[in-house]
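Got some structures for you, see below.
The same chain A turns up in both complexes below, where it pairs with chain B and then with chain C.
Then we have the complex of A and B:
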C-alpha cells in the first residue's frame, strides 16, 4: 500500500536539498472531492500533497508548460522538475523522451504504483450517488471503494466507478522512475481492447451515425487537445495561429496561408479536427484518458484513440510508451511492415 | 400578474403555445441541454445545470451574417442572412442564466445595435424556474447580485409548489402567454403565497458557496495588473475554452469568411464564439500578441468580469452559475481566485 507520508518525506528531502526546482503533484481542491494539480516550491508546502483515488490528472501535461516557460527565461534554473506519475502517466514521459521533447535530466520522477486499484471516474461516481456529493473516497484494498457522503458511508465495487482506462490498464506501475512508491503488482488483462468491441461490431452506417451524433455535440473548446501531453505543437492546424506571422511576413504570404479548419462547430469541421487529432496521436497516445475526462460534452474520445492504438498493435506490432529508444511509429519502416508501397 | 397552474394543467397550457418554437432542458445520456421540443409534457424541476446556458440560443456559437458570390454585373453579390422570424419560448431558464442575458444586452446595444442578437432576443420569451434546490454544488448567485428566485430578465417565473406552480408574470409578453389559455390558471390563495415565500426564502439558504466582501474586489484588481499573482494562479490552467464557452455572460466573438469555392468566389461570412483563453485571441496580424501567456489570459478573464465590466456597466460580468468551477478540467475555482485577490497583500 502506498503511504502518502513516504511521498511527502521524499518530496521534502529533494526540495530541502535543492535537487529539484519544484514538484508537480496533487493537492485537495477547494470545491469538493476531486484533487487538483499542485506546484510545490518549498518544503513547508509539501504538507499539501495528497495521494488517493481522486488523483486522476496526467501531470506530464505541465512539462510542456515548463519547457515553454524555460525557453522564455534569460537565465533559467537548470535543475530538474519533480513530477508525480502513475503508471499510465509514466508512459507519457517515455513518449516525450522518445520524441526528444524533454530530456531525462530535466525531470525527477516520483513514481506511484496503482497496485490493485486505479483512479476514479468522477462522472460515474456522480451517477452512482444520484447527484449526491461525496466527501471522501477510500480504497479498502479488497476491490471496493468506501464512499463517505453526508448520509454516511457506503461500499461500491471498484470496477463500477474506476476510470475506463484503469479497467484496461497495462502498466499499473511506473515504467520509469527515480523513486518508486508501492509494489509492482501484476494484473491480469484478458483483452486490452474490450471496450472497443461494441462499437466495432456496428455496421459502417451505424458507426457513422454514432460518430456523427457524438461529434456534432463538440463545441470545439479544445480541452481535449489542451489537456493532452502529446498535443505539444506550438502551432496547431486548427488554430488560426498557424497563420501566425512575423514582422517580415509579406501580405501575399499571409494571404496564402491555408486555413485547414473553420472555427464553426459544424459536422465537417468537427470531423476534421477530431481526425487530425486521432491520426496525430496514433502510436503516441498512451491511454491516460484525459481527453475523454475533460470533455464537457461527454464525447467518448477514448474510443478514437484506443482504436488507433489497436491498429498500431495489429498492423505494426507497435506499443507506445514503454521504450524511449524505439523509433516512433510514423517515422520508421520495418521489413515486416504489411504495406510495400514504400519499398 | 400572479397565478396558480396545477401540474395537470401544465401540458394543456403548453399545447396552446404550439405556434412558438419551444426550448426546454432535455437529458441526452447524462447530459442536460436546452433543445427544441415538440410537447414539453412536464419540466422536471430538479434538473441539474445544463452544460450550456440559453446563451447558445440567443447568441449561437455559429451565426451566418451574409452570403457572397462573384457576379458578372456587380462584382460581388452579397445577401444578408437574418435569423429566422419565429417567436420562441425557453422553458426552465435558471434565474442566473436569465440575468446573464441582461448583462450581455449591454454589450450588444449602444453605438452599434447587433441586429442578429436583438432579433433573437426580442422574439424569445424566457420562462424561469426558481431553484428550490441549487442545480449545482458550485452555485454562488447570491454573491454577485442574483438569487435562486431572481426575476431579472425573465418574462415569467415559475416556482414549484409540489403539485402546482406559482406563476409570476413579469412582462407584457408573459401576460400574453397566460392570456392565451386563461382557463388553465387559477387565482393564488393566501396559503399559496405563503408557501411561495417559504420556498423562496429556503432556496437562498441552500446556496452554500459565496464570495465575501465582493465589493472590494474591483478596486483591488485595479492595482494587481502587474503582479506575479497571475503567474501563480494560472500554473495549472491548460487554456482550454471551457470556462468561457460555458459561461452565460462571456460574449467574445470572431468573424471569418468561410470560402466554399475560390473560383468562382463563393462563401459565407460567419460569426463564431471566441474566447480569451485561446492562443490566437487578440493575436495581431504582425504575430505579436499582447496577451502572450496563460497568466495574462487568466488575468483577462478575471479583470473583464470583475473590473472592466463593472467600470462600464456597474455590474459584475458573472452571475454565479458555477459552470466554470464545476467544469474546469483542473479545478480552477473562481471563488478561490477572488478570495485570494481580496486578501492579496494583506
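Then we have the complex of A and C:
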C-alpha cells in the first residue's frame, strides 16, 4: 500500500536538495471532498501533499503550461519539475515525450501505483451515499475504500465507486518514473473495451440519434480541450479568434487563416469540433477520462476516444503511451497493415 | 493585384462533349467571379487550341489560366508550356479534370455537366490563389550505378561507359554473366550463348569507365535524381584477385564438396572454387558457408598450397560509398520454386530436371561435356518429355502470368535434344504456343517439321517412377484422350519469377513492385524503362519475363534514359514543395516519420524541408496535427475555397 509519508519524504528531499524547482501534486481542497492540484515550492509546504482516491486529476496538463511559461521567461530556471503521476497520467507523459513536446530531463516523476483499485468517480460516490456528504475517502489494505461521513466510517468495495476508466485500466502502474510508490500489481481485465459494447450494439440510426442528442448539449466551453494534456496546439482548428498571432506572423499568413468551424453550438459545428478532436487524439489519448469529468453538460466524451483507442488496437495493434521511442500511430506505416477497411 | 482568369473548355472530340454540355460549362464559368474569359474548343491540346489560349492571354491580359480537359498527368505540362510562351509563370495554369473524373465515368448529361462546372469552378478558386514559382535547380553527379551483372546490366553498363560516363556495376554473385552464361545455345539462331556473351564480359572488365564490383550488394541508397549516395557492401572472397594465378592447386586439396550453383547442382564444387572458367573477374573465391572454418587450425589446406599467398583469411567485409546521378536496376529473374511443383516429382527423381539444368546438360562446357545423359545412370535418354507452363498461367495455385520465354526455349531444348540423340523422341506438353517474335514461329515449326518433335496440347497431371522409367500421365485435349508416356527424362519449363531479394532491393531503392513482384514501370506503354522513382530505370527480366533480345533492347533504352539525365549540367525540380510554418510547428516529428522521400528533418526542434527531395505529395501536411506544413499551390486555404466552390458557396 502506498504511504503518503513516503511521498512527502521524497518530496522534501528533492526540494531541499534543489533537484526540482517545484512539485506538482495533490492537496486537500478548502471546499469539499475532492483533492485539488498543489504546487509545492518549499520543503515546508510538503506537508500539504495527500494521496487518496480523490486524487483524480491528470496533472500532466500542467507540464504543457510549464513549457509555455518557461518559453516566455528571460532566464528560465532549468531545473526539472517534480510531478506526481498515476499509471494513466504516466502514459500521458510518454506521449508528450514521444511527440518531443517535453524532454525527459525536464521532469522528475514521482510515480504512484494504483495497485488493485484506482480513483473514485464523484458522481458514483454521491449516489452511493444517497446525498450524505463524505468528509474523507481513504484506501484500505484491500480492494475497499473507507468513507468517513458524519455517521462515522464505512467500508465500500472500490469497484462500486471507481471511475469508469479505472475499471478498464491497463496501466495501474506508472510506466515511467524516477521513484515509485506502491507495488506493481497485475490486475485482471477481461475486456478493456467493455463500456463500448452498449453503444456498438446499437443500429447506425440509433447511434446517430444518441450522439446527436449528446453533442447537441455541448455549449462549446472547451473545458474538455483545456483539461486535455494532448490538446497542446497553440492554434486550434476550431478557433477563429484565438489565432496565435506572433510578431512575425505576416499579413499573408493572417489572410490564409480559414474558418473551418462556426463558433455557434449548432449540431453540425458541434459534430465537427468533437470529431476533429477525437481524430486528433487517435493513438494519443491515454484514457485519463478528464474530458468527460470536466464536461459541465455530462457528454460521454470518453466513448469517442475509447472507440478510437479500440480501432487503433484492433487494426494496427497500437497502444498509446507505453513506449516513448515508438513512432506515433499516424506516422507509422507497416507493410502488414490491414487494408480491408479501404472499400 | 489583378486577377484575370481565362477558362478553356476542351471537347476532346466526343470524349468530353459526348457526356458534358461543354457550351454550358463555358457559359457558367464566364459568370464566375475572377473569370474574364471563357471559351471552348474541340481539341484544346492541338496547335490551334493552344493558340486560342495564347491569343486570349494577350488580348484579354489574362494572368491565370484554367484548362478543363483530361487528367493533369497527360497535358498539364503542355498547357503550362503554352502559357509560358505567352509570358506567364507556368504555375499560373491549373487543369480541371473533366474527362477521367467526369465524362468518362458518368452517363447522365445533366448531372455530368453540373459536376464539370463544379470541378472547373473549384479549379478557378485554386488557381486564383496560386503563387508564381520557379523550378528548383540542382547539380548532377555525372556517373551511373548499374545493379545486376547479367546480360541486361552488362549492356546498360557498356552503353553508358561507351558514352563516356563512369559506371559502377554491382553484382552480388562472384562473377558477372547472369543466367545467360549458363545457357548452351540461344533461340532462334542457335548461336552459342557463352560465345556471344563472353566478349561483352571481357569488355566490361577492361573498360576504363567501368568500376566492376562483384560479390557486392547495394546496402543503402539515399539522395535523389542526379545526386544519389549509395552504400555498397563488398563481401570478402578471402582470395586476393590480384595475386591469384588460377593455378587450381587449392581445389585439389580442399576436402569439402558442395553442389555447384553454376551447374544447378548437377556437379559438385569445392569450398574454394572459381564459378566457371570464363568468370569475370577471373579469380577463385572461398565460400564461407561451406568452408570448415576460416581459422587455419580448422583446415587451411588451401592456404598451405597457395604459392602466390593469395588466400587471406583475415579479409573483412567493406562498405564502399559511391555517388551517382542515375541508377539502372537489372536484378534479373530466378526460376519458380520447384518444391511447389511436387506433382512433377522434382527433387524426388533425379531425371526430372528444370530448364536451366537441361541447358547445362546441353552445354559443351557442362557436366557431361555436351552429351545428353541421365543424371541417375548416365545413360542416353531415348524418350524425353518437356512440360511447358510449369507454374505459369496457373492463377489458382501458382503464377497468374505467362513466363513468355518457355515456349521458345522448350522448342529449342527439344530441337537440340534431337540434334544430339537422333533416334530419340521428344514430346512437348503445351497449353498454347506463343511464338511472337522475329524468326520465332519459323523456329517452332522447324522443331515440329524437321526434328519431329511431338507437340501434345494438354497438361500433365502426374510424373512418377515406374520400372526405371518416369511415367508421365497427361492428356491430349485435341483428341480428347489420356496420354501415358514412359519417359527416360522429364524437363520442366519452370515459370520465371523476380530474382531472390528483388523485393528487399526494391524497398531499399523505394521503387514499386507490381502484383507479381516484378519491378513496376512508371507507365506500361509510354515509360516502360522508367521506375516510379525519378532517376531510377529498369532493365531486363527484373521488370517482366523477357528473352535476351528484349532484355538487351530494354537495357540500351534504360542506358539512353540515364544518359538523358547525366548529360545535363543541372536538373530542375518542381517547386511545389512542402513549406513549414515555424510558428506553429511543435517539433513532434510525425512529418519526419511519414515522409516517403526523407525530405523532412528536425532542426532546432522544428521541422525543415529539403526542397530538392520533396515531391510535394502532401503526406506531411495531412499528418501534421497543428496544420504547420502546407504544400505550395495546394494550401489548406486553396482546398477550403475549392470545397466551397464545389458546395456552391
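Structural remarks
To be clear about the criterion, the second predicted complex is superposed on the first by the 323 of 343 C-alpha atoms of A that agree within 3 Å, B and C clash if a C-alpha of one lies under 4 Å from a C-alpha of the other, contacts with A are read in each partner's own complex, and residues count from 1 in each chain.
The working rule: a residue touches a chain if its C-beta (ideal position, glycine included) is under 8 Å from a C-beta of that chain, and two chains touch if they have at least 3 such contacts.
All figures in this text were calculated on a predicted structure; none of them were measured in a lab.
In the superposed pair of complexes, A:322 makes contact with neither chain B nor chain C. In the superposition on chain A, contact is made by A:330 with chain C only, not with chain B.
By the touch criterion defined above, A:294 reaches chain B but does not reach chain C. Judged by the number of chain A residues each one touches, B leads among chain B and chain C. Using the contact criterion defined above for the overlaid structures, shared-chain residue A:249 touches chain B and also reaches chain C. Of the two partner chains placed by superposition, only chain B is touched by A:62; chain C is not. When both complexes are overlaid on chain A, the residue A:226 reaches chain B alone and has no touch with chain C. In the superposition on the C-alpha atoms of chain A, the part of chain A touched by chain B in one complex and by chain C in the other spans residues 244, 246, 249. Within the complex formed with chain C, the chain A residues making contact are 99-101, 232-235, 237, 244, 246, 248-249, 253, 256, 258, 260, 280, 327-328, 330-333. Those residues of chain C lying in contact with chain A across their complex are 581, 583-584, 586-594, 602, 605, 623, 625-627, 635-637, 640. Taken together, the chain A residues at the contact with chain B in this complex read 29-32, 34-37, 39, 57, 61-62, 65, 123, 127, 131, 133, 217, 219-223, 225-227, 239-241, 244-247, 249, 254, 262-266, 290, 293-294, 296-298.
Those residues of chain B lying in contact with chain A across their complex are 29-31, 48, 51-52, 61-62, 137-138, 209, 235-236, 238-242, 245-246, 254, 256, 258, 270, 272, 274, 278-280, 283, 285-287, 294, 325-327, 329-333, 335-336.
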